[in-house]
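Next up: the structures, one after another.
There are two complexes below, and they share chain A, which is joined by chain B in the first and by chain C in the second.
Our next item is the complex of A and B:
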């Protein structure tokens, strides 16, 4: 038990140490979190009336961002799988960072859902035994189950690996009997959370734009682009500022995955657009609204074309070796563009336009409020702060700077 | 813990009692702070103790349908006490059970409807919907153009593709395409025509839409906690105290029938209808879903829904679908009847007909 306490204390202390730029980053996130606390309190006490959501567009920025967090969380297995499925030596060490990304993004997604709920105080109604689960009918129940299981699988995986490495008992040849199944299950579980999230949307027959069989494929492809984009940026930062060695081969694998994923997204989009636009029936109404507007309502039009151009442009750009090998300049810029394009795609292309026309034929534009945007930023700040601290601590353990023996010697 | 509450704990005969106690003890401290912070301060200023006390117990109450008779009684007494304080008038919350052997159905004559929206306002008054800036209305009246006869002889030989040197095999898209011709479609419906507009407008017809009480309701399927369910009379009800406000039902409903309390409902005490039912018109709270119940507080007592009584032209008929002598059954048998959005496969028990 003492060992475990010193594990937590040492990791925490190491995570908070860093240069001035590292501290500035943490302070910046802290400022966002503190700034968000009052708007968050107001929303929790006054209700969702403070957001831009209406009965016409009942899903707000929180829901859209939740879908995005599921993208990244599902994609994190792309860092874990190569090491464990293909025994790639350069990736096995880094698996734990993939699991941290998965855990943090699932937790961030759950926070978004709490902001999305009208009655977060009644969250216990969705717990088994004390509450009531509408199983097996409600897709949201499946999603809740898979997300929570994924959260805990990753939590177990991270704690085990880091703790064992911290105490110096970690041996890849003699992993605990239960551990290999846990990590394999976590890898398989990644796509599952995303398929379930896609089904939460596509199960609504009245949402014409979402009633699409390619939705899980599109989601997984977007996961494969946005997740590794974040991973590349993270790995490039770690490589530059810490002693942890990350091979070029790791970065190259990630860019390959992004390239393929962007290609699949392009095909999925093309398939969806063609299918509805050729016959141009009622199923095309939402898409026409996104593309050209309706009766002077044009809010989504620039976002639609901008996002599509960004995705197609990134796909073409990543095919050039000069860009994909430019680890110091072009690649991180491209990764940020991909990450942002897919983040923006969620509210502005996937969620909001899908609600027009409404069941009564109404066309609506979504106007997010300041409080809503601040709460979204605050939730992201909590997510990125947890990610920074956990990854920093993990790097300390992986490089051997944080060890059980060392800490006892110093006392 | 009050005497009454201790008694409930003893009465809990199921295996959950220890868990529930745990949750209760855990919840009370945090919940009271959370809920009293969220309660509207103005109307409760006179008796904050009663309200915050009942709030904590309300927070811990289970699904109404799954409660024991004892628990139901307590829940209702609690609500009556809270509403009576909040609205400064004696409020009753009924728990009238569903009558046996009844399947409620509704029929609406779109040939008779004049679009006066008296049903909408009668519904608001009867069912204690939110007023003012955050107004909620359960019935929406679509004003649909009867037909737009802008077909033109000038465009007879126009269209796409145009005649060309290669050969003229006729156009594929006629010059009179894209000319709307009315019909029962939401595409040209106007849902927000002015309240002071003279009705009926001779160029339009009117289609009121409310909850269609589907036999196969997609909202019930989507609800993660079963807060919304179909009762024995085929009415889809909501336990406002069990709803978590996730809005999956709103996403599933093809009729846009569900309304969410985005903020604290604004219900002036003097306009509040104190005769309520637990699943019907009792005042709702912030962050829960609500919708038409065919006035469950009236129909379970053998009365007609408020919208029917308000209709000045007799366009609305209500009755038991199992009784061959009921108005609704006779209409289905003799008139030209249709269901709205039948292609959604929801099997509504709300029938439109042309009388």
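Our next item is the complex of A and C:
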């Protein structure tokens, strides 16, 4: 038990240590989190009336952001899988960072869902026995199950690897017996959470833009682009500022994945647009609204074209080796663009315009309230804070800077 | 290493705390001010209703037929009134308890339609309570039409009446049946508290559909199927519902002149939050 306490204390201390820029980053996130605590309190006590949700567009920014966190969480297995499935030596060590990304983003997603629920004090209503777990009819129950299992699978994996490395008991042979199946399960579970999330949307027959069989393919492709984009930025920062060695080959694998994923996204979008627009029936109304607006109501139009151009442009850009290999300049910029493009795609292309026209033919624009935006920002701040601290601690363990010493807990 | 990291921090901690408190203050203020954006409604759409007092004297389906009174805090647990009424028409818009004051519809004939003769979950508001005409007592119409005070008429054919002009202004010009019908074709001559059909079956005032349906078969079948008339209650198929019967919406004495009094529609709901206007709705059907 002493060992575990010193594990937690040492990792915590190491995670908080860093240069002035690192501390400024942490303080910035902390300021956001503290600043958002009162809006969050109001949101969680007063409920969804504080958001911009309406009868016409009942989903808010929280739900849109949740889908994005599911993208990144699912994509994090792309860091884990090469090491364990293909025995790539350069990636096996980094697997734990992939799992941290997965865990943090699933947790952030669950936080968004708690905001999205409006009345989180009624969370127990979906528990079996005391409440009513509407299994197997409710798609949301599948999502709840897969998200929570994924969270704990990764929590087990991260704690085990880091703890064993910390105490110096890390033994690959002992690992294989029970831990490898857990990791394999987590790798399979990653896409599963995202397919489930896609089904939560595509099961709504009324939503013309959602009820599409390409939904899971699109989602996984977007995961494959946005997740590695974050991973590349993270790895580039890690290898610049810490002693952890990350090979160029790892970054290159990630850019390859992004390139393929962006290509698939382009194809999925093209397929959807063609299928819907060629016949141009009533089912095309939502897409037309996104593309050209409706009688002058055109809030989503710039977002639609902007996102599409960003995705297509990034796809073309990443095909050039000169950009792909520019680890110090072009690649991180491109990764940020991809990450942001897929992030804003969620509310402004996928979620909000899909609700117009409503069953009564109403066209509506979504106007998020200030309190909603602040809460979204705060949740992201919590997510990035946890990501920063956990990744920093993991780097300390992987580089051997944080090790269990008998002397440390003797005084 | 734990100690070292703590020693170098105090000045930063102070700065950090100051920054955090300042941020928190600003964000909380912004959040507090902008949490609720009120929906904007174009002028003229919201009407005078907003400041008008709560309507307490309401009617259920047609003016002058069934009047009900709004009681505040009728459901103390939630603080709900028993009714909410329209400020434009005084019609009831919402019921706290949709089955308040209702009774089972009772036996209905099986005519091999979708109901399969099962009316166990059908409830109606009793009409017989309205028979205390002129407030003459619990015997209703029979108070006068007892066979002695007013003798039982010998013939069903039309004759001038000195009474009930508020119901039928001119008894020689009954506005129902285009001259083929008269009062006693529907009202029982011997028991004025009952209706009577053309086969001589006495029918209670709670079940006027049995009488009306004997001529107006199409409307009757539609009504039984739920596509004519009004019902409230549970959504589920076969669930408990309150049915409105024929005479709650139609005045049988004036149908030729005025078969149905349409209600003035309620004003449109406010625009979705954040929408400034609905101008895009006013443009023609051209661009989709």
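In this section, the second predicted complex is superposed on the first by the 404 of 411 C-alpha atoms of A that agree within 3 Å, B and C clash if a C-alpha of one lies under 4 Å from a C-alpha of the other, contacts with A are read in each partner's own complex, and residues count from 1 in each chain.
In this section, a residue touches a chain if its C-beta (ideal position, glycine included) is under 8 Å from a C-beta of that chain, and two chains touch if they have at least 3 such contacts.
Remember, it's a predicted structure, so these values are computed and weren't measured experimentally.
In the three-chain model built by superposing on chain A, chain B clashes with chain C. In the superposed pair of complexes, A:203 makes contact with chain B only, with no contact to chain C. In the overlay built on the shared chain, the residue A:116 is in contact with chain B alone; chain C does not reach it.
Within the superposed three-chain model, A:132 lies in touch with chain B and out of touch with chain C [touch as defined at top]. Once chain A of one complex is fitted onto chain A of the other, the partner contacts of A:91 are absent, as it touches neither chain B nor chain C. In the superposition on chain A, A:23 makes contact with chain C only, not with chain B. Of the two partner chains, chain C is the only one that A:363 touches; chain B does not reach it.
Look at A:124: by the touch rule set out above, it reaches chain B but stays clear of chain C.
Of the two partner chains, both chain B and chain C are touched by A:55. Counting contacts by the rule stated earlier, residues 46, 49-50, 54-55, 362 of chain A appear in both its interface with chain B and its interface with chain C. Taken together, the chain B residues at the contact with chain A in this complex read 16, 19-20, 23, 27, 31, 34-35, 37-38, 59, 63, 66, 134, 140, 142, 185-189, 191, 209, 218, 220-227, 242-248, 250-256, 258-264, 286-289, 341, 344-345. Residues of chain A that touch chain C in their complex: 9-10, 13-14, 16-17, 23, 27, 30-32, 34-39, 42, 46, 49-50, 52, 54-57, 285, 288, 292, 294-297, 362-367, 369-371, 374. Within the complex formed with chain A, the chain C residues making contact are 1-2, 5, 12, 16, 19-21, 23-24, 26-28, 30-37, 272-275, 279-281, 283, 287-288. By the touch criterion given at the top, residues 44-51, 53-55, 58-59, 116-119, 121-126, 129-134, 137-141, 144, 200, 203-207, 357-362 of chain A touch chain B in their complex.
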